[in-house]
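Down below are the structures I want you to see.
Two complexes, one shared chain (chain A), two partners (chain B, chain C).
Coming up: the complex of A and B.
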């Protein structure tokens, strides 16, 4: 399809919107209401362009221009909104770059948009990263001709604990309303009243928890703001670090915003193949632990009391403590959200000292890597014909996976990609999309996903799979029929079925997958369980699993909180003084995953990079450096001494080149090398107490208007 | 050059001997400054309500070429607000050692809160004493940190080493130099 944009001829795929045609031609169109992953509605009228198309005679030939002999372009009489206009064969588009009319229309539209906007940019948290601010600067007149007083509305209206609404700043782009309807499928927000009186509100008050934070990201103005980061810093003052979230196994792309060594805000970053542009509330708001009550120096137990010490003193204390033990007695346990490099370092140290007690937690006892149809990716889930979720509480295990399933239910349309990025307006997406609940079967306990599922079956534990293979109820029969009858099917397995699952479970699942042609997506227990399972990080011959840490002769516990100590020397490596750390002999300060460089593996087997945010953590160290210190205390030469040597060793062991990954990550077929009993069950839990933000509760419910200066302004105030 | 020229030069010198001297014996005598002299910053208040003009927007810090300003904002308590509106500066610090007194902060300020005053006597002994906080710069505070320390020690009021030829400029709302 050939399209002419500002005189440049382009070859574009059919279905491209006019706005994407202009961007593809290297031009620019201002827009507020269009969003990459939302339906285009043409609400803001900023993306006006002039368009015209050739017209055909009855015999199929083009109407020709008498003067030039070329097909005559019939222009629309007025500028058109380019986000809702589809580019067609031979269409001519003029943006503000080549058309005075468009430039004037856009500047005029900007004047209307700013008509009621308060222009309190200095106090607004969006200032500096505001789409309205930028577009007003680029496309506005710079002055308004409207002299009357602006609309006054509630400037401090908390929609929930996390989201605060400023009704004066709202420009009625409807992104937030469409987001809730189209993405998490919750009809909570809507426009109330009409014209200049329009405001957004909820009916019952409050927003549903789970994915509400995303509206603060997509709001093009400062109307919806993150209440946790309220007034913590201006946008240009933050140190922005693009990294990966490791609260669950999805591995969403995030940007960590820090100021003065404190983590103040987390915003979503686009990754088409993982989280699109959305992250969950836990990932966005649950970062209080990264800057509060951190351990910044090692602690050593002296006369029964933990006392602050230097790393050298801590190493000496470990050495002294280990004189009562063999080096092989030291159990090594790490959290399953540790990076792949850290896992490699711990495995290497365990090999070097010959300790059989090695474990990572949380994990399951079963390896489901050898499934007949391969592992499913998140894009597979979004474009599947049917999904069967067994024993998973996605809200606790992998929230974004829930959004991808809902995307499948509304048609599974992934927006196309152009040279300028994801399509700004995908015309196939519609407002208030019809969902197809019959494509989703949920088997297990009642969760948030139930309301979207056409087939629901109550079940408990891992016999759910057996019951699905030999259905005993009408619902299970329907679920099995859905699996067998649909073309692209995905089976998603959660903690409820994977806990305590054994080899026979894998065989059963493999048999079911062969029978139905389904791909399998097992949600790993920890954020990086999939990567760590590829290493030998399970109890070896005669070793104790993490569940029996209390029986270990001596233990090194990295960022895990079992609440008990080992029989002998207990070394705890954690970012906070946890219950376990309080019992320990030596406590070494750890960095959080926001401050690490390394690689994590998400539930698809996708390698994603972690970057180091500028947080102040005193003398805290990551696991690799801590293990170097521990090996020094043990008198062993540390096999891995830094990130680079860990990556070199990982390349040797796994055949992977870490450290130079593309932004979206790469999928690698991981194979669990070692499986061992865990002796305890994993209860997935996304929000923990230390993640709870301390939200300023200064504002009482009966808010009094603040004293304003002097008399109310008469006439224009710009 | 002839004798006449030398006599002319000497004559000029002789003439100057009998004129009133331009120099002042500072600090015993006060130097006269122009009102537009850019000295230590003043954080002004709204007349009437007495609320701080500063809303903690950090634009002064963004405009500062010497990175001398640090602002931390917070939410106003509606019962006893510091400034009109929702936001106020909880922390407002200027490092006077870094400051080059260019006045860009004053130009950037959307509310006219930070204004270059006329005080300049800030010499002190420790680096930390050059960081001026809000309570050192709010209108009504006369003198620099060392001057006020000296005044507190001696029990005498702060004595400024300068005077203005007329009132301070209009932007310095509420500022009076003794």
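Coming up: the complex of A and C.
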């Protein structure tokens, strides 16, 4: 399809919108209401362009221009919104670059948009990263002719604990309303009133927790703001670090914004393959722990009390403590959200000292990597014909996977990609999309996904798969029929079925997958369980699993909190003074995953990079550096001394080059997978105590309320 | 006590007018709102939730639709709900003075009901009776046109006595098969492009 943009001829795929055609031609169109992953509606009218098309005679030949002999272009009489207009064969498009009419129309629209927009920029959190600010500068008149009082409305209207609305700033682009309707499928936000009185509100008594934070990202102005990060810094003051979230095994792309060494804000970053443009509320708002009550120096137990010490003193304390033990007695346990490099370092140390007590937690005791039909990716889930979720509470285990399933229900339309990025307006996406709940079967406990599923079967975890193979109820029969009859099917397995699953479970699942042609996506227990399983980080011959840490002669516990100590020397490596740390002999300060470089492996088997955010953590160290200190205390030469040597060792062991991964990550199939009994069950829990944002602590308790005008009388025009 | 609990046949009748699909069910929103408002004078939060549940949507959506139309009320209205047109034509012809007069004499503000429960007032946009400005509508009964101070006084006096004068023009406007606007009696009124008859002479001050 040939399209002419500002006189330049382009070859574009059919279905391209006019706005994408202009961007593809290297041009620019201002827009507020269009969003890459939402339906285009043409609400803001900023993306006006002039368009014209050739017209055909009845015999199929083009109407020719008498003067030039070329097909005559019939221009629309007025500028058109380019986000809702499809580019067609031979279409001519003029953007502001080549059309004065368009430039004037856009400046005029900008004037309308700014009529009631307050001049809050100096105090607005969005300032510096505001689409309206940028576009007003680029396309506006530069001066206001509006000499009257602007609309006044509520400026501090909390929609929920996390999101605060400034009604004056809203430009009614409807992105947030469409987001809730189209993405999480919750119709909780809408326009109230009309015309100049329109404002955004909910009648549901707040926004549902789960995915509400995304509306702060997509708001083109400062109307919807992240209440956790509100007034914590200006956009140009933040140190922006693009990294990967490791709260669950999805591995969403995020940007960590730190200021003065504090983590103030987390925003979503686009990754078409993983999280599109969305992240969950836990990932966005649950970062309080990164900056609060951090351990910054090692602690050593002296006379029964933990006292601050230097690393040298801590190493000496470990050395002294280890005189009562053999080096092989030291159990080594790490959290399963540790990076692959850290896992490599710990495995190498365990090999070097010969300790059999090695484990990572949380994990399951079954490996489902070798399933027929290959591994399922998140894009596979979004474009599947049917999904069967068994024993998973996705809200706790992998929230973004839930959004990808909902994407599947509304047709699995992934916006196409152009040289300028994801399509700004994908015309196949429509407002209020029709959903097909019959494509989703949920087997297990009642969860948030339950209400979206057409087939629901209550079941407890351990026999759910067996019952599905030999269905005994109508619902299970329907689910099995869905599996058998559909073309592209994905089986998603969660904690309820994976806890205690064994080899026979894998065989049974493999048989079901072969029979139905389904791909299997097992949600790993920890953020990087899938990567760490490729390393020999499970109890070796005679080794104690993490569940029996209390029986270990001596233990090094990295960022895990079992609440008990080992029999002998207990070394805890953690970012906070946890219950376990309080019982320890030596506490070494750890960095959080926001401050690490390394690689994590998500539930698809995708390698994703972590970057180091500029957080102040005192003398805290990651596991690799901490293990060199432990090695020194044990009197062994540390086999891995830094990130580079860990990556070199990983290349040797796994045949895998880490360190220079593409931004979207790469899928890697690990050759080996280590499993061993865990002796405890894993209960997935996304929001932990330390993640709760402590908004209250920011307000002094003795604050006097300011004298305020009485409440406005209830009612109004409606 | 829910409003529609004992009106299943009515609810079924309303839903039967729309396609039997999730989208179709949502279409029943407007008649359900109208039903509640006609019975109770306004739609409160409980009724909002009830209608949302019936339509398979959320209260937010119901409120969004409801607040779009100035004819749905979220607050109680009086026995006589006076809707004064405040758009340009009426405004030029003195609707602002009419409004001030009503608010002062009845001692009632928008959103309130006068102490005797009789009156509530509302400013509305153009009701399409510009030729007879200023005008107001009482409840859904009809248009009171050319409301001069003396006519206003006459209307209020009758309303205080609970003797509502007949409106100058009834609503809703009914249209016959020939496309002519007709009164309840069947008498054709107004003009149409097919029957350009002489319009009745306008009586200043009306007959109220």
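The criterion applied here is as follows: the second predicted complex is superposed on the first by the 693 of 718 C-alpha atoms of A that agree within 3 Å, B and C clash if a C-alpha of one lies under 4 Å from a C-alpha of the other, contacts with A are read in each partner's own complex, and residues count from 1 in each chain.
Keep this in mind: a residue touches a chain if its C-beta (ideal position, glycine included) is under 8 Å from a C-beta of that chain, and two chains touch if they have at least 3 such contacts.
All figures in this text were calculated on a predicted structure; none of them were measured in a lab.
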Touching partner for A:515 - first (chain B), second (chain C), both, neither: neither
Partner chain(s) touched by A:155 [first = chain B, second = chain C, both, neither]: first
Contacts of A:685 with chain B and chain C, given as first, second, both or neither: neither
Contacts of A:193 with chain B and chain C, given as first, second, both or neither: second
Touched partner set for A:230, first chain B, second chain C, both or neither: first
First, second, both or neither for A:657, with chain B first and chain C second: neither
Which of chain B and chain C A:123 touches, first, second, both or neither: first
On chain A, the residue positions that both chain B and chain C contact, one per complex: none
List of chain A residues in touch with chain C within their complex: 187-194, 201-204, 432, 434, 713-718
Chain C - residues contacting chain A, complex: 23, 45, 48, 57-64, 66-68, 70, 72-75, 109-112, 122-123
Residues on chain A engaged by chain B in the complex (per definition of touch): 120, 122-123, 127, 155-156, 230-234, 236-237, 696, 698-700, 703-704, 706-710
Chain B - residues contacting chain A, complex: 46, 48-49, 51, 55-59, 61-62, 72-79, 81, 84-87, 110-111
